[in-house]
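Note that subunit A is present in both complexes that follow, paired respectively with subunit B and with subunit C.
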Partner chain A sequence: MNRIRNSLVLSKPFINQSSKLIHKSFSTTRFVNQTTTQESLNTTQTTSSSSASNSKIITEEEASKSALLVSLHRRLNLPKEFKLSTLARCLTCRSSQGKLNNYGLNILGKNFLSYYVSENLLATYPRLPTIILNSAIDSYISNESLASIGEHSWGIEVDQTPILQKFLREEPIEYSYGKLRFLPVNPKTNEKGVTKITKNAGEIDPTVAYSLSVRSIIGALYASTKSETLTKKFIYDHILSRKLDISTMFEFEQPTRELSRLCKREGFEVPIARLLAENGRLTKKPVFVVGVFSGENKLGESYGSSLKEAKIRASVDALKKWYLYKPLNPKVPSDEDYQPGLIDHGIVIV
Partner chain B sequence: MNSIRKLITTQVPLAQRALRPSSSIISQSRSVVYLHKGPRVRGLVRDEEDYMYSPSGKKYGLNQENLQSLKEFLGKEYELPDELSLQILTHKSFAHGIKPFNEKLSILGSHFLKNRASLYTIHKQESKDVDADINGLSISQLGSLTSRNITSSEILYAFIKKNNLTDVIFWKKRDALLTDPSKSGEIKVSDGVVKAIIGAILSHHGKVKAEKFIDDVLLNSSNEKSLVNLSQN
Partner chain C sequence: MVSVHSSYQYVKLCFLGNIISYILTIPQCKRIILQFDKTGGSSKGLREFLRRRLENYATSNPKIEFKIIEKAGHPVIKGEYINGREKAICIRNLNIDIIQQKLNLLRESSGAQLTRTKGKVTSLNESIRGIWSPLHVDPKNRHKI
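And then the complex of A and B:
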C-alpha cells in the first residue's frame, strides 16, 4: 500500500509537469505531433520521470532495489567502492534536468579515455600519421563506438516506458534507476514524409546518451576508487581490447612522391622501382610484380595489371610498412617499467 | 653566375648502374642539384641557408643559442636530449615540415594535460555543490569556466611568454605582416609548444615525472607563472 501511495504522490507532479511540457511544446514548436495526447505523453515521459526522480538524492538503499543496476554493476565487475547510487547517476544525463547528472563524470571519463587511448596508439605505432592517429583514437572513443559498447556489450537499457503506463502499472520508481534517462529528440512532425533533423535545447540522440553514460562510468570508477591503475585496467579491458585494423585506414594521394620525400627527409637513397617478375605481358590479363628499393634495401613490393599500377602499389606498401612500424613489446609511459622508445619526426608533407 | 652558390654533383657509380636491371621504372633522380638563393623563383629548390630562420630571426640548428631558454626552463630534473628539444620548438609550418616537428608530441601532451587538469580540478578546487561530490572529489567543478580556462590556448600562450620561450620557436607566420598573435597563429603555435614539452617529458621520462612536472610547474598555485595563477589574472 505504501508503495502505491508513494507512486501516487510522485505521479501527481509527473502529470502536472507533463501537461506543462505538452502545453509549452504546443506553443513553441510546430514539429510536435499535436494529434494525440497519448503520443505527447510518450515524448515527454523521459523528462518528467527523470526530473522527478532526480529532484532528490538517490540513496544506496533505493539504488540497491533496482535489479538492473545491481546486474550492470556485476556485469562490469565494478569494485565495491563504486556505489550503485553512483552508477544510477552515470545513467542520468544532464538533459533530464536532474541535479545529480553525469555531466562532470563524463568530462573526467573522457579525459581518461583520450589519454590512455592516445598513449597506447602512439606507443604501439609511433610513426602513425596524425590524421590516421586521430581517426584511430576516434574509432575507439567516438560516440558511435562507445554507444555500441554501452548498448550491446554492457546491455544498458533506455527508459522508454510512458509515464502513464508506469502509473497504471504502479511501477516503483527504482525500476527507472537502472535505465538510461535522457530527453530524446522527437522526430515526429505534422507533415507526412518529413523528418525532423534539428533538435530542441536539451534533446540528445540515444547514441550521445549512451556514450555519455559509458564515459561517466569510467570517470566514476576513478572518482570512487581514486585509483588510476584500476581505471587504466578498465579502459584496456573494455575499450582497447577491441580489434582495430589500422592498415585499412590509409589513403595515399601521391604515394610515389610521398615515398621520395620520405627517403629524402630520412637521408635514404632515392627510391627506385624494379620489376621483379611478370607474367603474360602480351595477354589480356598481365601481372607485374614490382619492388621499391632504396639502395640495396627493399622498402616494399606489390603487384598490378600494369607497370604503373604495380609501382604505385609497391610505393603504398613501402609507406605502410614505414608508418605501421611496431616496436617489439611496446611500453606506454604509464607503465612502471617504461623505457623511452622511438619519437617520430612527423608526417611527410607532399 | 653569382646566384649559384652551391652545386652538388652526385654521380651514380658505374658498377652500380651496370647492376641495375633494364626494367627499372623510375630513373635515377637528377644528379645535379642547384640550390637557389635570393628571391623565390618558381621551380627552383631554395637553399636552406636562405629560409631556415624563426620569425624572430634565429637560425635553425642544434646550437646553444636556440636551446638555452628551454634548457633553463626545464632544469636538470626534466632535461631532454638536444634533438628532442629542437623538435619541441619546431612547428609543422616551419620549412614545409622537412625538419622534425612537434605535432605528435603536442597531441600526447594535450591529452595528458587535460587529464591532469581535470584531476587537479576535482582534487584541489573547492566544491560548490557538496551533494554532487563523490568520495570527497569536486565533480561539480568539472566543466566550469575556471576549470576550462587552465588549459586554454590564451593561458598557454601567456605561460610561454612569461617563460621567455617565444623567440626560439621555429614556425612560419600566416602572413609576415600580421602582428596580432591570434591572427598570425602565434597563440596556437605557442599552445602546441607547451603541450609538446609535456609530451616530450612524458615520452622520455615516463608518466611519474611528467605528473611531477605538471604539478610542480604548471599547476602549482604557489608559482606565479603557473597556469593556475595566469588563468586567475
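And then the complex of A and C:
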C-alpha cells in the first residue's frame, strides 16, 4: 500500500502529461480516428532514414507525448529537472541519429560510474589485490551488467517494429522516443548461405546499446541536476546495491606458501596447521577439520577429505580473510566525514 | 600468486535479482493493454471503465503505460512485464468494479510464472546462523562409538 501511496503523491506534477498520454493512446488505436495519414507519413520518413543524416531535435512537447518515455521517467524516479527530451536523447544511440545522441552523456556517466564503484570497493576492501579489484569493478559496470540492468531492471525496450507495421498501426513518431534506438548488426549479405560476422560502421550490438543508454542516463542525471549527491545515490541504488560475492573470485596457486610469506612479511609467528576434529579416518569418506594457527591466533579453518586437502583449504580461508578485510562502517573519499583509512602493502609475492 | 578464478563470469550473472527493483519501487508491470469491442455486449463493462475511470486510474499509476486497442471479440486486458512475460485476462461480461480489481491484479503481479514455493527459502546471502556441524560440537558431548 505504501508503494501505491508514494506513487500517488509523486504523480501530481505529471497529471497533465499523463492525461495527454491517454488521449494519445486513444488516437493511436483508432478509438478516436483523428490520426491523419500525414502524420503517419512523417513517421515513415523519419524512421526510415535512420542514417546519420537525420538529426532532428526532440522537443520537450514531443517527448511528453510518448507514453513509454513518461512511464520510464517515472519508473526510475528521476527528478523533475531531468527533462523528458534528455531521456529521449539518452535512448538514442549514435548509429541511429546524427548529432543528438547519447555518446557524450555516456562518457560522463562512465566516469561517474567508474569513480564511485572503484572508490566504494577500495574503501570496503582495502586489501583487495588489483586483479580482483579490476574484475570486481568490471562485474559491476561492464557492458553486460549494465545491459542487464537496462533490460531486466528498468524495462527499457528496443525499437524493433518494422516501419511498415508502424505505418499500418498509425503509430505516431513520438511513441518510439521511449524505446532504445540504435542501428543493429544486419546479418544479411548478398551471398546466399553466408552469414556476416563483422559489423559495418555504426552498427552495434543490443548489449552495447543498452549499456550506452544506462551510462548516459547516469551522465544526464548529473548534467541536468548538477548534484553529485543525487548521482551518487542513483549509482548506489541501482548498481552497487547488487550482490557481488568477491570471495568466489579468488584463485591461489600455492596458498600454504603464500600464507607463510604473508606471516613473515607482517611479522607474525610461522603458521602451523593443527587438526581440530576428524571423523572416519579409516573409512571411505573421512572428514578432517584443520585450523591454521599463528602462535595463539587462529588465522583460518576448513575441512577436507584428506589432511593435505584440509590444510590447503584452511590456508585459503586464512588468505581470503586477510585480503577481504573490511573496516567497520567504511567511508569513501566522496563522503563528507571521510577520514583516510588503511593503505595496504599490496599482495604477497611468492 | 593470486589470480582471478576462471569461472568468475558466473559471478556476473548470479547477482541479478528483482529484489532491488522492489526496494526501489520499480513496478514489474510496464504496460497494460485494454482491448475492447466497440459494439459487443460483453465489452459493456470495459467501455464504461474507459469512459469513467481510466483517466484517474492511469494518472494514479504513472509508472505504467496504458494502451487501448479496439478489436472485435471479447474484451481482454493484458499486462506486459519487465521480465518479458505477458499476462492476459479475459473480462467478458464483467462489471466495472471487477474490471478494476483485475487491473489491480495485473499491476501488482511480478510477471513471473506462478509456482508453489513449498516452504523453501531462497536467498543470495549465506545463513547468519551457519550450518550445524557435528565436528564442531564440544568433544565432551560428541557421540562415541
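In this section, the second predicted complex is superposed on the first by the 285 of 350 C-alpha atoms of A that agree within 3 Å, B and C clash if a C-alpha of one lies under 4 Å from a C-alpha of the other, contacts with A are read in each partner's own complex, and residues count from 1 in each chain.
The rule is simple: a residue touches a chain if its C-beta (ideal position, glycine included) is under 8 Å from a C-beta of that chain, and two chains touch if they have at least 3 such contacts.
The structure displayed is predicted, hence computed values, not measured ones.
Participant: May I ask you to decide whether A:326 touches subunit B, subunit C, both, or neither, giving the answer as first, second, both or neither?
Facilitator: neither
Participant: What is the contact status of A:347 with respect to subunit B (first) and subunit C (second): first, second, both, or neither?
Facilitator: The answer is both, since A:347 touches subunit B and subunit C.
Participant: Taking the superposition on A as described, I'd like to know which of subunit B and subunit C A:257 touches: first, second, both or neither.
Facilitator: In the superposition, A:257 touches no partner, neither subunit B nor subunit C.
Participant: After lining up the shared chain so the two structures overlap, which partner does A:243 touch, if you call subunit B first and subunit C second: first, second, both or neither?
Facilitator: second
Participant: Once the structures are superposed on A, label A:154 by its partner contacts, choosing first (subunit B), second (subunit C), both or neither.
Facilitator: After superposition on chain A, A:154 lies in contact with subunit C alone.
Participant: Which chain makes contact with more of the residues of subunit A, subunit B or else subunit C?
Facilitator: Comparing subunit B with subunit C, the partner touching more subunit A residues is C.
Participant: Applying the document's definition of touch, where does A:233 land relative to subunit B and subunit C: first, second, both, or neither?
Facilitator: neither
Participant: Could you list which residues of subunit A make contact with subunit B in one structure and with subunit C in the other?
Facilitator: Residues 347, 349 of subunit A touch both subunit B and subunit C.
Participant: Over in the complex, which subunit A residues touch subunit C? Could you list them?
Facilitator: These residues of subunit A touch subunit C: 3-4, 6-8, 10-11, 14-15, 18-19, 21-22, 25-26, 28-31, 67-68, 70-71, 74-77, 129, 131-132, 135, 139, 142, 144-145, 148, 152-155, 237-238, 241-245, 248-254, 258, 276-279, 287, 289, 303, 323, 347, 349-350.
Participant: Which positions of subunit C touch subunit A when the two form their complex?
Facilitator: For this pair, the touching residues of subunit C are 1-6, 8, 11-12, 14-18, 20-21, 23-27, 30-31, 54-55, 58-70, 82-83, 124-125, 134-136, 139.
Participant: Please name which positions on subunit B make contact with subunit A in the complex.
Facilitator: For this pair, the touching residues of subunit B are 20-21, 23-26, 28-29, 84, 87, 92, 96-105, 107-108, 111-112, 114-115, 117-118, 122, 129, 131-132, 134-135, 137, 139-143, 200, 202-207, 210.
Participant: What residues of subunit A sit close enough to touch subunit B in their complex?
Facilitator: Listed in rising order, the residues of subunit A that touch subunit B are 57, 81, 86, 99-100, 103-105, 107-108, 111-112, 114-115, 118-119, 122, 130, 133-134, 220, 223-224, 226, 256, 260, 265, 270-275, 290, 307-308, 311, 333-335, 338, 340-341, 343-349.
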